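Pasting a structure here, questions to come.
Here the chain labels run A, B, C and D in written order, and each chain numbers its own residues starting at 1.
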Amino acid sequence: MYNQTEIIKDTTELGPEGELVVNMGPQHPATHGVLHLVVTLNGETIKKIEPHLGYIHRSIEKMCESLTYRQFIYVTSRMDYLSSHINNTACALLVEKGMQIEVPERAQYVRTILNELTRIASHELWIGAMAMDLGAFTPFFYAFREREMITDIMEDTCGARLTMNYIVPGGLMYDIHPDFQNKVKAFIKQFKEKVTEYEDLVTNNVIFQSRTKGVGILSAEDAISFGCTGPVARASGVSCDIRKIAPYDVYAKVEFDEVIETAGDSFARYMVRIKEMNQSIRIIEQLIDTIPEGDFVGKTKNVLKLPKGEFYQRVETARGDFGVYIVSEGGTTPYRIKFRSPGFSNLSALSHMAEGSKIGDLMATMGTLDLVIPDIDR
Amino acid sequence: MTNEEIKVYISSHAPSVSYDETGEWLNLTIEAAEWKDLALAITRSPLKMDYLFCLTCLDWKTHLTMVYHLTSTTYRHNIVVKANLILDKPQIETVSEIWRTAEFHEREVFEMFGVHFLNHPDLRKLILEEDFKGFPLRKDFEDPINMIKL
Amino acid sequence: MFSLEGITTATQDWLLIKFNPTIALAIECVIVILLSISLFALLGLVLVLMERKVAARIQIRLGPNRVGPGGIFQTAADTLKLVMKEGLTPDTADKFLFNLAPFVVMMVAMLLLAPIAFAKNFQIWDINIGVLYISAISSLSVIGILMAGWASNNKYSLLGAMRSGAQIVSYELSAGFAVLTIVVLTGSLQISEIVAAQENGWWLFKGHIPVIIAFVLYIIAVTAETNRAPFDLAEAESELTAGFHTEYSGMKFALFFLAEYINIFIVCAIGATLFLGGWMPFHMGNWESFNHIMDYIPSSIWFMGKTFFLIFLIMWFRWTFPRLRVDQLLNLEWKYLLPISLFNLLLVTIIAIMGWHF
Amino acid sequence: MFLKDYIYDVYNGVRSLLKGMRKTGYYFTHSKEIITEQYPDNRATLKLADRFKGEVIMPHDDNNEHACTGCTACEIACPNGTIKVVTKSEFNAEGKKKKAVDALVYRLELCTMCNLCVVACPSDAIKMAPNFEHSVFDRTKLTKILNKPGSKIREGIE
């Protein structure tokens, strides 16, 4: 991290050969949070990008070492706050795997539906923010209108709009709201009507296409080498959907396609997310009418103690492969916990992707990486 | 590839490896000095461990352990590689030119655990301030000002 | 019938009776200056409010609705806030240029008001090279922007100013060519004559397809020239935070802000004058009674209506399209707009020589 | 052919732009699509989800009695040290010494609304209330004592 005097020095001095060093962030409209990029420019062309992290680092990994296995789940909501539900699921799955807790089918179904709703909500927000990065302000509001329906569903069932805290080891905290199924169906109907709007406004727009096509290209080899996951890697043609590779909950039972594009540019990443929303809708449609009756939470002990050993759980969040790695000594708290966040690896590819492009391209590239800063800093 | 085949292949490259199959995936513990050669070997055919999805470190109070979670995007088999390091002078060869994602992860481990990665291209602090003292994720780290004991 | 012409003539007559001609002229000057400044302030308030309302409606929101009925005093309140704010000057800035820049931008916008015909015979200065005057003066605004960008000693500002320079210099060309098509058709550079030539029909309808193309080109070019989205690269929010006015605050920022909207008004007024007949009412061939009704609407209303329609069009663009990249912006000008407008000008010249227009 | 491609490019570009403008134009002219909530004005009619987790409250009945036994289960369950149970010794009707709650201190500024305390409570003494207007001018006002002064435990709750 730069200390204060160095930052001032950086903004006033030219680098060697007339390079311009610009501090983009930590307060910049396009970094969506407190990401700090030190961008070396040659005119408008980017020569080097160096991310400086840690502005929102809370050392969640250290914090979790003093929390019990029931408590640590809710800290993860604050990491990738746009897919907090999926993060919670990952932690719950890990505890269930470690302690061999049976999860009732009903809970698994509801978890899957909520996970997919979270994914749609996250992608909706991303479309809005991404369009805003490229200078189109209006799609943001249209995307938020649909997202609002999801947050309403979440509010009804989970009691909160963003950090849901609804998953407990063994199932759900309480049963779904009686209106849940109807509301989800209403959402699906509205979503299908309105998703064409993005096509008119954004996807087919000639300016948007020229801004994103061929911009920020990431080859499949680089995507693997940089550890990219989620839509970023799938846009480069890497099959990496954890829901397919290592299915959890009821993903093994539902039919859906892993969306893969091969171009590897910003437009491909955009298309992957748009198509992924449709796949999520497909999953929800298969499950929403067949939620089985029964318990919503399995039988668990009052005090959870993971056996001695190491556990790893991977899930697919809206941004990619989220991993929880716990080393247990047999106590009520983890000995060491590591969160493998998708954003951290995706960000490391940014410099490679944006080198040699224009400042405007950096916004398109960064926008399509879908960075959530608390997820990167943890 | 089954675990047995992986074992055979790895043993042919690094004879001193010990295995542990109690967990979900095959765990191997290696000498820190052998890691770079083994890393180069397992990225090649037939293992093709091309995807390093998690890199972290454990503090066992007596020693540190580097943990590498690897998978193959072609064959989908996973292995976990562990290397023990001495607490006083932890150092291991970097793998950032083999898996480029390791560059950031190693920088994180460097500042959080104080592990030195030899030949790392840019080993600086990534998250913490430059003048930060101590290694926060080690077990003996104490910060009486900012840490609240509950 | 309400007419601005009557008021001006009466005022002048009265002044000439009371004072000798020199003093009368001086008083008229003062009146004009006061009028134009108040027009500025009023337009700024109205246009900002209009932009916010249009944006809100497009974005399925309500927009400002708390200050005054329907939020009409919102911009007045905002202006009050900006006036009370501290005008900061960065330590390392070139203080003279930094403080001068907003006034340069503002003065350029004010100078452009002179030849615009707001209503029938209601014009500050009917110069015989009106169109040339407008083209010349409007290119000056880039100096103010470059000055602001350079003097701020901020990298974002500098990048924004450089972008703005490249952009305005390029788009001047197609705007100029689009204006030239009308000059070719009319055969005069004087604004009043251009308006008079459209008495039997607006050029947009009289001039066949080439004039429609010229109109579209004009709208695109002036959108770029006034730094409006999708060409707002000079202040591209998500890239350069606020571009050339990043370091400005308080009233100095407000002047930039105001100048932006005044510039929009002026280019739209010119567009309305050249293509939509200025203050000329809408006439339909031989429908005598219809034309008569149209004549009853005051000419100032016609002018303002057309201008605000064009302003709305430009706002509509802004809230629909993403921003272009800087190289695409120049590509669009040099590879698409310029060749098309050159070819178009040729067509119009042929039409004008052959007398094919109505 | 170059010229054909050129014209085709221009045509397609303009068409896509006009399509977008038609969409925004539709919303401009249809005011029924506006979804703004007039928040402070619609407070009377504002309906929050009944499960909404806004703050922890302790319901008291008409006799100023609550159900909290002072067992500190919520305090243990809380991840952030939000809840602090201060207990006192009390003699019940039979003259037996019994632990009771003196003050259940709840610090809203630390709460993450995870609901674990409510789940952990054996006697359902606390619950989440759908109240979100928490802004105060003084941070100390966020530290609340949940049991009302003079309240006591309801009969029959162990």
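One rule holds for everything that comes next: contacts are C-beta pairs under 8 Å (C-beta built on N, C-alpha and C of every residue); 3 or more make two chains touch, one makes a residue touch a chain.
Nothing here was measured: the structure is a model prediction, and the numbers come from that model.
Student: Looking at A-D and A-B, which one has the bigger number of contacting C-beta pairs?
Tutor: A-B
Student: Just by CA atoms, which chain is the most central one?
Tutor: Central chain is A.
Student: Calculate how many whole Å lie between the centre of subunit A and the centre of subunit B, each centre taken as the average of the chain's C-alpha atoms.
Tutor: 25
Student: Using mean CA coordinates as chain centres, what's the subunit B-subunit D distance in Å?
Tutor: 42
Student: Roughly how many whole angstrom separate the Cα centroids of subunit B and subunit C?
Tutor: 63
Student: Taking each residue of subunit D in turn, which ones touch at least two of the other chains?
Tutor: Only 17, 20, 23-24, 35 qualify.
Student: Subunit B: which residues touch two or more other chains?
Tutor: Where subunit B meets two or more other chains at a single residue, that happens at 150.
Student: Please output the residue numbers of subunit C that touch at least 2 other chains, ranges allowed.
Tutor: In subunit C, residues 58-61, 319-321 touch at least two other chains, as defined above.
Student: Taking the complex as given, what residues does subunit C use to touch subunit D?
Tutor: Residue list for subunit C touching subunit D: 54, 57-62, 316-317, 319-321, 336, 340.
Student: So in the complex, the part of subunit D that touches subunit A is made up of which residues?
Tutor: 12-13, 16-17, 19-20, 22-24, 35, 48-49, 51-53, 77-79, 112-116, 119, 128
Student: What residues of subunit C sit close enough to touch subunit A in their complex?
Tutor: 55, 58-61, 92, 153-156, 159, 163, 229-230, 232-233, 236-241, 319-328
Student: For the complex, which residues does subunit A have touching subunit D?
Tutor: 67, 70-72, 74-75, 77-78, 138, 145, 148, 152, 155-160, 163, 165, 168, 173-174, 177, 197, 200-201, 204-207
Student: Quick one: which bits of subunit A touch subunit B in the complex? Just the residue numbers, please.
Tutor: Those in contact with subunit B are residues 1-3, 52-54, 57, 59, 61-62, 66, 222, 224-229, 238-240, 245, 309-312, 314, 321, 323, 325, 327, 335-336, 338, 340, 344-345, 347-349, 352, 377.
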